[in-house]
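In order of appearance the chains are A, B and C, and numbering begins at 1 in each one.
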């Protein structure tokens, strides 16, 4: 592969094409200048976030089986490190936009578990008043811009959000997440093409969980390395495994910095894995139990926990975190159970701003 | 604390499934997300994984069992816990669950079964006639498109296709008695208090157009029902009648379609046709004798049986009425002004003589038409009337057999009626009402002798048949009846 | 009052709105350096600079989506499609994003975007470049659709569209860009959702919009020579649709012919017919007829194209078919 000046300034490796380099994950980089205690607290914070997502997703699956959630439900279980780590690299007023696998992202961006669960249950207290559902998690206050059902359709939107930031000069960065399945569709290419052309402050994160629904990488992509597509657009790129939430934070952080300081986009391919099927109707027969078990051994949640134990965070405090997460999850479910449903009266005012146009 | 595990919803459309294999057995420790069982659903084989941890204390269904959503399948709890109460409770729940396959709710796909027997019939093959009409081109190739005249490109026409009276090839605008009027016209008519029933307007096909409404002011709602026979009850106008009586006061008989038609047509007749009546009392002795002769001939020749239109064993007999039908027909040929109809634009003098014959049937009356009665023999008329009457009573007459007559005859002689006046069937110009042949004393050559008399009343539409015309018709009729051989000779 | 061409009226509207509100910008193919494919945005790049008048590559899905994303976070984009035919490749962004973010977010996010461009036939440009796209969009709740027929309305409706907080689609016509008309001075904003009677009459209502309004007016002039008095209602707004003006007109005339470009199956004309028959059934003395583009892809041949389009003679014939049933 020819040396490419566009990626020369990316701090971490990647100018060689060999995927073997992916195996070596960097040790969790400390935030420069931070005291070790602060680091540990930070990791504990990230662990809690991931655990909250994990437990919310598991309970959503149970609620779905109980008939409280209907339609589509795409779970983030196994991918928590990507969302949590990426958003940890952002400022609170930065924007995030993602696909229908959005519960974990919404929570990491600051949506309350109550608002999320109530939305899943279709209640009026949900973030979208029960009108959006699992695939459409929006939170204006926390700059979470959704939740979209059309693969790749949100990528131009993300470019537009970044465009607005540049237009205004507000210094914000936009994170746009999508799966590797979106890399074949027009919206991906047009979004990246325009972001590179107009030098938009955006980080495109491809959460490559190796399967687009039931289709593995080998059958869906002529070039398995998604990050290589950045070269076609003259865009910076990065590529790594997301086993370690701190590494995610650090590497995404570099792309965020590039966006914020230089107004340049980056395409980052993060290799991850989902422990459940594509959605609730997917028995995931396209992978073997052995493959799943292998990946479970690399569960970023367990990895973070083990690291905390190793670094002396202490089981009692971990236990405390776990209990507080359970309480928060139980509270969210109870809240959602007890909340009222939306009514027909909610439909008109949420279709048009101002008088309904017919 | 032990709890029952129910069959969960493993996919959005799942209603039930077959628990094909247990992956844990009673006594096993289970952790969250452990694979408990495989469940075959309509879509795929799903994994039933544990949401809770504990000890699997009891399996409530066997591998291979069909399980419905929500049905208890296992009990989980602490090791050694007594679960007999729970098991009993679960057993009751299982027993009460219906075992037959329920119809899936909306959205659940049907289990693919054998192709249903009711398949749509294969599409009709295109008529080959067009292709056959090929014209060899100079090169000798066959033109496979139909000639342009037969190809009707829809695109030019699609928004121009409409269907309303005045454009389509016509009826007489009557459309079975329905008044043609647009919503707007009906609304204005209501506001003006105009009853459009039976109305004819100046638009195409008799459509009532807004310009007609001013002239229709004062047109009132339904008048009393016309007399069909004297002594029949007259019903008061609907408005004046009291509310539907209580059950003990009157039997309420809903109107059949035939009664509605009778009501509508005869009301329309009496409302719009200016009736007047001419009566004569003819000497029927010759007619009666002719009838006897004819029937004697028919019986002895054996033709009666074969000629019998009804197909039953009774021999054909010609009736007085059959002879009268023929007589009327012949009279109409001689007095064509009586074989006419009124229209707003013109009087139509019919070239054909189609005689409508009133036939009483259970609950009502119909008028099958004997076509070209002037050209048929009496025997043919008799046969036809017999057959029509039989089919009328069996309600098997076709609409075209009951319409488009030019003159009507109604005979109540068989009911013992001496004389009566009938209601004209529009658009015919007249109707002859016939009573029974009466044995009465008559004066002949200065002496009183027994005679036979027959009373007949001609109801005429004064717009088209004047008194003189009606009188001329009746005079001719009398002549034919009293010298009935002229019926045969025409 | 000034006389100007349709394209100049649109340009004035955009310039005024961009001067008034710095959140407004124009984006599309050839809108800047090329001075606009149809010269609608002539001079605007020089006036506002490349930050606010943005030339795009050929990527309608991409830049339509960028417009929607920018609108979600508070900008007010005007996105031009070189012709509305090309919006087909951006249909996902318009249907699934622009029209729906408000509801998907439970009202948290709006999409105050304007999509505009020339629409429907354009003289022998063939089937792929002649679609009347308003029929596909007017049916979508969440969108608004307008279609001016005169320069004054072009300016007024485009200004109103920019100021509206919902996605508004402005359907122009290449064949009308040179049309001259009067435009009022000053702040001229035409409220969305209001039709206008551009010719009064008593025997029949001709409901039309955009180019077809002129066809209807020509038909009305021809009918007048035969003693038939036609009222022409210029819809101006397709969604919201001014049913009140239509109903009031039919209550006076008792007859309606709807004239528009675009195919017969469904669409705006069918919607108009439904509204009127539902809301003014008792006023109708005749069925409602529609005169539309013939039900085929638009052919290239000049004569055939003219034959396929709604023309005054077809409108006159339709009116006469209604009147043969009698007049009020």
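Going forward, a residue touches a chain if its C-beta (ideal position, glycine included) is under 8 Å from a C-beta of that chain, and two chains touch if they have at least 3 such contacts.
These numbers were taken from a predicted model, which means no experiment stands behind them.
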Quick check on this structure: which chain has its C-alpha centroid closest to the centroid of all protein C-alpha atoms?
C
Look at all chain centres (mean of CA atoms) and spot the one farthest from the centre of chain A.
B
I want to compare two interfaces, A-B and A-C. Which one has more contacting C-beta pairs?
A-C
Counting in whole Å, what is the centre-to-centre distance of chain B and chain C, each centre being its mean C-alpha position?
49
Please report how many Å separate the Cα centroid of chain A from that of chain B, as a whole number.
69
Distance between the centres, which are taken as Cα means, of chain C and chain A, whole angstrom
41
In their shared complex, chain A is touched by residues of chain B numbered 8-13, 32-33, 43-47, 51
Sites on chain A touched by chain C in the complex
95, 97, 126-132, 136, 138-140, 145-150, 153-165, 167-168, 186-187, 189-191, 193-194, 197, 347, 349-355, 357-358
Complex interface listing, chain B residues touching chain C
154-156, 158-160, 162, 164, 166-167, 182-187, 201-204, 207, 209-212
Seen from chain C, its contact residues with chain B in the complex are 254, 264, 281-287, 289-292, 294-296, 318, 321, 324-328
Residue set of chain A touching chain B in the complex reads 58, 61-62, 64-67, 70-72, 280-281, 283, 285
